[in-house]
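Structure, as structure tokens:
Chains here go by letter, A, B and C, matching the order in which they are written, and residues are numbered from 1 within each.
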Amino acid sequence: MNQKAEVEIKAPLAGVLRSERMPHIWCPGCGIGSVVTCFAEATKRSKLDHDKLAVVSGIGCSGRVAGYVNFDSLHTTHGRAIPVATGLKLANPDLKVVVISGDGDLTGIGGNHFIHAARRNMDIVVICINNFTYGMTGGQVTPTTPTSANASTTPYGNYEYPFSLPFLADAAGATYVARWTSLHSRNITQSIEEAFQKRGFSFIEVITPCTTLYLRRNRLGDGVDTLQYYQNNAVLKHGADTRETAIDFQGKIIIGKFVDREKPTYLDSANRCNTKFIGDDYQLYGKTPPEKEAEEAAKAAAAAGAPPA
Amino acid sequence: MSTTEIRFSGFGGQGIIRCALITGEALALHDDKFATMTQSFGPEARGSACAAQLVVSDDRVLYPYITSPSVLMALSQEAYEKYYVELCDKGILIVDEDLVKLRGEHPNLVVWRVPATRFAEGLGNRLFTNLVALGFFTAVTGVVTADAMKKAIPGWVPSRFLKINIKAFEKGYDHGVQCMSGKSAS
Amino acid sequence: MNIVAADPKGVDAGPHFMDGDHAIAEGALAAGCRFFAGYPITPSTETAERFAERAPEVGALFIQMEDEIASIAALIGGAWGGQKVMTVTSGPGFSLMLENIGLAVMTETPMVIANVQRGGPSTGLPTLTAQQDMMQVRFGSHGDYNIIALSPDSPQECFDLTIEAFNLSEIYRVPVFIMTDETVGHMHEKVVVPPASEIKVVERNLFKGPKEDFRPYGFDSQGGHPMTRAGDGYRFHITGLTHNERGYPVMTPEQNKIVLTHLIEKINGNADKIIRVEEDELEGAEVVVMSYGITSRIAVRAVQEARKKGIKVGSLRLITVWPFCEQKIRDLSSKVKAIVMPEINYGQIVREVERCAAGRCKVVSVNHCGGAVHDPMVILKAIEEACQ
């Protein structure tokens, strides 16, 4: 990477990325960087308090995202980003918690957490960078690898049925479901912004190229070829029936916003239930930490300003 | 150091565990004794047989389980047959007279037969059988004071049923006192 | 270290007739725990049930997660979200938690985990007692690390030690374990909850300085490095990878040495401050019976019988099992003929005793497989044999 390019990248996203940690570990042509750029852009555009934004990721190439974004960030264990995010959100409901991780992490080893967080309508944003492969370990088959695609553990072609993640998220109860490819950066950014505004389990899938492993193993050319493939095969269909969003090997990719519905979040329901039981003075965690601090600060100010007795 | 080991037994749903909890709390919190209560858990606790054990002592209870009980309350035939053999010599056996048919005379035991279920039905519901039996137990064993028991009951029964539970306890207790004075242990 | 009185909201003061499981939940609430993520498993479930029942009135939150892996993961999130957190489980669930116990150790995340032990391996004896996870708690997660484990012998101690566990976890930023068992967990006894003003609670040491000075870690082989919580503006990063003081990955042997030394020595170096034991007539004893948890109560019975027979027998009860009281055993082993160690397992902590005694005295394992406590007479027999 030449220095000039680096400077150009740094400038607009300084503050939301940890520039001291660059260069990042991702391969040339990898789609993860595009998603991070979109995410960073969305955080800049949104009116969110950046101090209240937390990013959690699991393990794998996409799991490294948490290390590069300049927010409270937790790089956790394989598959466990969602339950960690759940704990974070529930411990401090003022936070906007975003999970960014990969397909193997979120829907393979972490699949159980994925469906249960969606079922509970946990108020978190989950961005799944789906490159159809376990990159960090060298290109193994994942739950989303299209049937017949080659992976290092399906060297003669994948004979399993893949998950369609929008369908899975929809069925499990997500309130916002969208899918894009890494070509659709403006749409990704916009979707993330929408998800930031949304209360509930928001799921955004981004189909991305893994140039080093998936593309090479399947003789699909380089990153540019993949973007060309996305260009020719992505079919925009907002509100599409998620049952029809399956992706065949090098087939059409239905993109768009599929689900956008309202229902009470886990905490809304918990608080309502407890208020009904305990009464109106029910308050989770008593005063929130900022409320407590504001109170203390006011007290200290009053004490300092008060004339000596 | 004086130690008393007590087993409450019957079938699930009779409130056997509650008997042990009430007695244990009465002893530990209101009678200034040490009491350790254990119970059967798992599938066996969900099925028909049900038992809870209480070790009562003037000093700290070390061994939490019972080895040689001196009191057995059995509110079912199965419980009676399973547990009466463990009772120590001159141990007290309390059975529901309508639910348990004794297998013999038990000359080595002090046997009390109480119409707990019948009394409970008389109070409107056989759900109060355990409290009747507990009242009777309190009167005839003297292990725990009635005062302490009445202080302990509120914590272990739904408040809307507290009055009737106390009534059931008193019914059994009074009957026990009567039996004791008439020496009608059979 | 900021020590304050307990928040009265969480303290149900007064005497109770309560089992160990419930006492753990009450101890947690008294210690200021306001977030509990758990998954049902016999014989620990009553703790979760009690917490769930009490949570709304205390302003705490209980969530039943989809499994034990999710439960402990949620604790890590919850702790970095600013709450004091806990979970409870038993053998199979504990096995599932092990990976993230490692993450909690690595990220120096305070939390309390109670293991109400039951007989194993595998599903084993779900409703029956055991002390078979005593080595697992110390060594079960992969890699080299250190933790603190306490072993209560009564419901009262379940309450007391849960508060202590929270305090230790805050001081040393380490997961602290309550290693109890089915017997104590399900045993009802009198539990006295003191008034809030008499309960000492260690508050989380939160960093307050300028943002550029914040470091989530300090590798000084001590506890007490301030942490932060999400939302406070310090933009922390934590990872399970070997990391520097900023929390950024640095994957070198040199850095691994720095991190590991810190993780292990912050406990070892403070072992004297952490370890609590209960001694009885060790002076002049020929034989010492060493035990922990429910077994120590059974052992006392044997000790009493042995004394009646004129045997000079002392007893040593481990309240803190990990870190292990190494120096105590080294000293003791040069003064006594034998150390007799009953445990409800095939001989686990006795290995530590053997290691520290190093042949200076006899070490007798009175092992006992899961499912029941010892017969005190078996321990007595071992005492008698040991002093011959």
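FYI, a contact is a pair of C-beta atoms (placed from the backbone, for glycine too) under 8 Å apart; a residue touches a chain by one contact, two chains touch by 3 or more.
Computed from a predicted structure; not experimentally measured.
Peer 1: According to the touch definition, list the chains common to the neighbour sets of chain A and chain B.
Peer 2: Looking at chain B and chain A together, the chains touching each of them are C.
Peer 1: Where the centre of all protein Cα atoms falls, which chain's Cα centre is nearest to that point?
Peer 2: That would be C.
Peer 1: Report the inter-chain centroid distance for chain A and chain B in whole angstrom, where each centroid is the mean of the CA atoms.
Peer 2: Distance between chain centres, rounded to whole Å: 60 Å.
Peer 1: Round to the nearest whole Å and give the separation of the Cα centres of chain B and chain C.
Peer 2: 37
Peer 1: Going through chain B residue by residue, note those that touch at least 2 other chains and give them in order.
Peer 2: Answer for chain B, listing residues that touch two or more other chains: there are none.
Peer 1: Quick one: in the complex, what on chain A touches chain C?
Peer 2: 18, 21, 51-52, 54, 56, 66-67, 70-77, 79-80, 83-92, 94-95, 112-113, 116, 266, 270, 274, 277-278, 282-286, 289-290
Peer 1: Can you tell me which positions in chain C touch chain A when the two form their complex?
Peer 2: 7, 9, 34-35, 37, 56-57, 59-61, 63, 65-67, 69-71, 73-83, 85, 99-100, 103, 229-241, 248-249
Peer 1: Please output the residues of chain C touching chain B within their complex, sorted ascending.
Peer 2: 15-17, 42-43, 126-127, 182-183, 186-190, 294, 297-298, 300-301, 373, 376
Peer 1: What does chain B use to touch chain C in their complex?
Peer 2: 20-21, 24-25, 28-29, 34-39, 41-42, 45, 61-65, 152, 155
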